[in-house]
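The chains carry the letters A, B, C, D and E, assigned in the order they are written, with residues numbered from 1 in each.
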């Protein structure tokens, strides 16, 4: 690998969606083919670049792109193991979601705008993943908010606008808190690159108050996107967005950005030791535990499929936070693996919800009766993802839950097991009735003709559903998310 | 003692007149009081030994502003006015009264103390091209201020040009005034020219002269002796802009071919200052006249 | 230095040419602005290269004569002024909806340009008075270009502006009475912390605050700025209010004795926070498009005032850089915002915010410009607004005792986000879109986007800019 | 590629094929055959490095081979029987059949805990599809309760597994776990988790509902094979010395369960329900055997074999009975065909020379050798109860089947094979063969026969003078079903309609308007006043 | 009390009087006059300073001239603006009727 082009690889990964996105904005509505072509070229290019980078990072290369920004704080795009976990997930799901969205929006207006912002959203996500220091992270974190808002309000209805306003209110608030936290940290410790093991340890004992406040600010700011209770209010409303958006929002872009940020802050900014010394994670741990249970309880009470899924996200994303807050290497593996696993499962569920709504007009849980006959393949995907969510072995969710439970015990926090068990039961309580209705209940309207979703909607769904199974069954395989998480943790914890 | 009595009388009269101007029940009375206030001010200044300023105040502060106010009065029928209640006036007076001690505290130390500048002015007066220090300051030492000030005057004219005013029709002037005008106008021209010429050595100068010329123009216009010239006509625009244009061009010229921005060549200083003064006077005269008399068809073609 | 004066005289000569020939030739103005821009850039280059420069006008050294001084900040502002004028001029020329195409806007904008340039270069407290008057009058006159409905606001503006000038002038008189000099540098050497100086500074400050529409003396601004023609609003918000601010800054950072500055700092900073909150709140509740933008100016000036006050209080000179970055970022963003707002307002045929429904569809570029500019106002990275806020925040956060001020900044950010996104959200309403009265003017929309892109483009040179400003204002 | 991979893969493949071509149901029915073959001729265990947390599959001990063998056998025969049933043609049924089968086989060949857990879960959940197959309210309710408890068990098991793993230092191999003691929480969680599947009292509540609801072949595998997995789990996961509670407690629990099941079974009105209660009773015995093993860890190997044999015996006999009960619901058994019902029943009751007799002898011997030999009479009494339940069940089946069409062998040959196999089993398996030598002695014979005779007497008496219905009725009450419905209702309580924030209360708006009016009316005066006020600040400064 | 100080005080008084007028009065013409009186106050202060007996100061006098002209121009504009505004108000009222 020559040294000349390696710095530009991270930049290229960001640009591979940014440039198509900007170009798409300029297209007219009817230039469907060009739009699709641009999208696909970007997607494929990004995937290729990510693969190259994966190979490089696995061999220990670092990819670092830097431009000056603030005095002493350059903008850095850097590919390390942790960022690649997130980048790969985003790129992969971007591929699936792009195809899904092309099918979903066929024939509807304002496509150029949609796909433009869609690409921007992915660029921001990828940038955020590749960010090499806190300021760069903050930059993309805010850009993500901006790029996502038009997607949330894409439908332009009163409900969508309400959701959009709420989304902005929460995320801008979170962004401001994050900014404060970043600035506070910068004022006490400058802003060096993310470092495995953190860079604040030398300051312990001098500026503890600042460090604690900065942590609180950062977590509160990131917690908004990660939908920690009580900062989750935007998420269930944001589900009014079109299905591909919800899928991306819940699986990759927004909530994951928050969770990913928390990971970065805890591991690469503060470092486990500093965090432990300041006893910062205990409140976070309790909050995450509470969020997990609360999200599930709320999901149980929803009638709307997407709303139920949204509250499920609230609950599931906090698994990641929980794993991080446990501060043990095992729990960290669980958290990092869940970052990917939850993404795969939730994206599948939202694809399915979108297909149900588009193909059969099914929006409510009660209307799902007999869907298994009408859309068997979609329903299979839904079932697999839902079972994964519950944590049924050997699906994806089980793997993360296993590591989280193990990790909790390893750091002597057995009560976390109770949270996991209760959450599992509640997950089952809201997912299984849906599965039951789909497969075992007879359709009330008597329709049972087979009306499977169009191929563009079906294939991405099946693809991600298959991944849900594969990453679980082959968790021990060298290229699985779990193995990669293990690699990250080895590097982060210096094992 | 007499000095003191006179001073205190004048000062108190000034304050009283000012208060009367503000709070007189009728607007017309107010305007009259205001003109009286301006004249009294001129007298005070003359008494304090600033003849230049007394002249300027009389011409500009009292005369011109008074005429403008009188003109404006027609647009403002008195019946529309709602007088503020005395009690609210008293309450509102508390604020300035509370500020007064602060100002007094600041003013007290100022009555004495030597200043560095007058000596320097005296020292450099010989090189300024004129012998009257005020003119030297205005047109040589601080000519930049003056240039900008001419721009201010121009802005007032340009601003007036933007304002649509439909109901402005010239009233027939007083017959007596009409009769006097024929004599007064040339006199004012002459007096202005004299002041301009004298400005180099003694109190007087472009502004005073411009004000006098303006009054002459106004008088002639009122008599119908001058035609209505539209702004569209370069013959109006050129003189109105003459002062600024000449000044700016001279500034650029001194930069390009001279010793630097606004540096008058030693020999030609007096001539240049006179040129500027003349141009400025013409400009001011036209501008002021337009400000007083300007009609829509004149200003907004 | 000569280049700086050239940058001043180019628009002045252009204005005189236009007035003499009585033509409304937009290209002349734009060319003059561009010449001025080039000259300003040269002068900026000279300053970076050779440091501060001064020129004694008429060959008379201060205190007798007037000395012009080209400081780094003034060179920067000179460039900035020329740039904004070129951008706005371009818009006013090309937009079908600019209400200023066939008016005296052209000579007036040139004169405004010249007045501003004179102000940046001036270094003499009385000369400042004259430039302030110039600025005030030309601003009022330009507001009047909007026609009779703006007269009320313009009259209030004029009267307050005059009162403020006289307040300032009384302060000048007191200072002159004490020290006998007018030149800023000489004053700075002589200044003592006595009651006269204090009162003089106070009078000048109040006058300048009124002219700069700093809270709580901002009440005239929203009406005046929102009723002016679009291009004028842009110039007023971006440039005119910055003039008094510049003087205020020099007055306090150069002239005022340190102990006075230290005592006055918290008050100014408090006023800044007040501006952020009150201005932001009013913007949030404003029913009209341009009124909202105008109130946002009030709010944004709060940042500058906050930076100024805290700089004085703590002698934290890096805050100067924050102050000027705010000015730059706000200027560019506000131009974009006003142009976009005006373009949308006239195309959609209503001044009300509600009429922006569906604007993302009907006028995407203008709405995008509005949002992008708004992003800088909020301070989203990597826009210019963010850079400024970053510089402002760092000293605030360094010491736990200063954190309450940071809270003010945070609230300000949140409230600006709220008012910007309130508009953005409305524009996404596809349910009942307002249909445009005319065919939207694409080119004009792009012109309105240009400044917003520039303010985000500041990120490209941000490091040098900040380093230079931090060094330059020291 | 190891042969063990075929054990779970073949059923899965068969399921996929069957989904595409539903006529190939036979493939699914025969899918356990590789497992059966491997049970007979087992290759060495293999490590599978790429599967979840790396796993290890195999069946090396006799114990494991017995279990695998009879399970595969039962599944095969039940599958074949199901194939003959016209009403079981839906793809869904066969899919779930195959999935349960996969799970069941997987947990049997699992040597590591994770694989066991995976198989266990798969089996548990897929069985829901079997229970609910016939549709209608009863299966739905039974299925709901089953699923609720299965999920609950699953989660508790997960927690227990995690705790156990922590105790064992993250070693997944089950064989390593035997020597490592366990804590109270782990014990409780594991026993609850597995117990909910095994179905001994008081965790049996789903069983009496699920078995009657499921189709007969499904009930057969459910009762014959699947619930054994629960006991197997307890056996494998707990240390050799038992959990935190004393083994005597578990022994008591097992025996109580045995009597409880029998007692309630006697009062049932449905043959399959009575059989289900009998299963509860039998699971009590299995639990008792496990408890015995915990009491005397040295005898673990022997008791383990007993456990396997008991399970095998119960699987074959109960499987045959359930399948017979299913057939009896639609057909009349006549003549020698009655033997297809009687023989398994008698075997279960413990008739000498049948599998039951042999197992009972072994069990009694084991008890006799243990510290609790004074409890031996309870086991004998238990035999009486078992016999009574089976009598009741047979009587109910008989009553049902009278009206129906005659049974043809072409419809029931898998049942016949099963009965024959259960007859042959004690002779084929050496351990049982040895036990049967006892039956040729009078004391041994009498020990087994007297409970049967007592039971026969009681049965005849009851048959002659039946007690009034009302004495039975309380036995049929099912509080669990009601509780399950309650849980469902609680869960599905609709969310409150989202309360939208009120857009500005009138009071607040009024204030705002007043303020606006104030400074819009007099901006100039107000500003000048503000100026003065600001100047006044000079006083403070 | 010296003459200078007396006139300085008179100037300050005029300034405050003008301020008070601006604070209370509603009529545009009166407000304009109030501003002018404020201006006169400032000029009075400046003049008093300019003619301090020990050093008569031509610079300050020149400044006053400049200030006067500026004030007069602004007043002219303000008056015209007031008239125009009044005119507009009348027109609106007529249209309203």
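Following the convention adopted for this analysis, contacts are C-beta pairs under 8 Å (C-beta built on N, C-alpha and C of every residue); 3 or more make two chains touch, one makes a residue touch a chain.
In UniProt terms the chains read A, C, D = Proton-conducting transporter membrane subunit; E = NADH-quinone oxidoreductase subunit K.
Remember, predicted model here, so these are calculated numbers, not experimental data.
The fewest steps needed to get from chain A to chain C, moving only between touching chains, is 1.
Number of steps on the shortest path from chain C to chain D, with steps defined by chain touch: 1. The most distant chain from chain C, with centres taken as the mean of CA atoms, is D. Of all chains shown, A has the CA centroid lying nearest to the centroid of every protein CA atom.
When you average the Cα atoms of each chain and compare centres, the chain farthest from chain B turns out to be D.
Across all inter-chain contacts, the pair with the most C-beta pairs is B-E. If each chain is reduced to the centroid of its CA atoms, chain D and chain E end up 100 Å from each other.
Chain centres here are Cα averages; for chain A and chain D they lie 38 Å apart. Mean C-alpha positions place chain A and chain E at a centre distance of 67 Å.
If each chain is reduced to the centroid of its CA atoms, chain B and chain C end up 31 Å from each other.
Shared interface positions of chain C, defined as residues touching 2 or more other chains, are 64, 126, 130, 133, 137, 140-141, 144, 148, 151, 159, 163, 174, 177, 198-199, 202. Under the contact definition stated at the top, not a single residue of chain A touches 2 or more other chains. The residues of chain D that reach two or more other chains are 524, 528-529, 531-532, 535, 538, listed in rising order.
Interface note: chains touch in the pairs A-C, A-D, B-C, B-D, B-E, C-D, C-E, D-E. Residue ranges of chain B in contact with chain D, taken from their complex: 92, 95-96, 98-99, 102. For chain C in complex with chain E, the touching residues are 64, 126, 129-130, 133, 136-137, 140-141, 144, 148-149, 151-152, 154-155, 158-159, 162-163, 166, 169-170, 173-174, 176-177.
Chain A makes touch with chain C in their complex at residues 68-71, 74-75, 110, 113, 135, 138-139, 142-143, 146, 149-150, 153, 155-158, 160-161, 164-165, 168-169, 172-173, 175-177, 179-180, 183-184, 186-188, 209-210, 213. Residue ranges on chain C touching chain D, taken from their complex, read 156, 159-160, 163-164, 167, 198-199, 202-203, 205-206, 209-210, 216-217, 219-220, 223, 263-264, 267, 285. Listed in rising order, the residues of chain A touching chain D in the complex are 298, 300-303, 387, 390-394, 399, 401-402, 405-406, 408-410, 414, 417-418, 420-421, 424-425, 428-430, 432-433, 439-440, 472-477.
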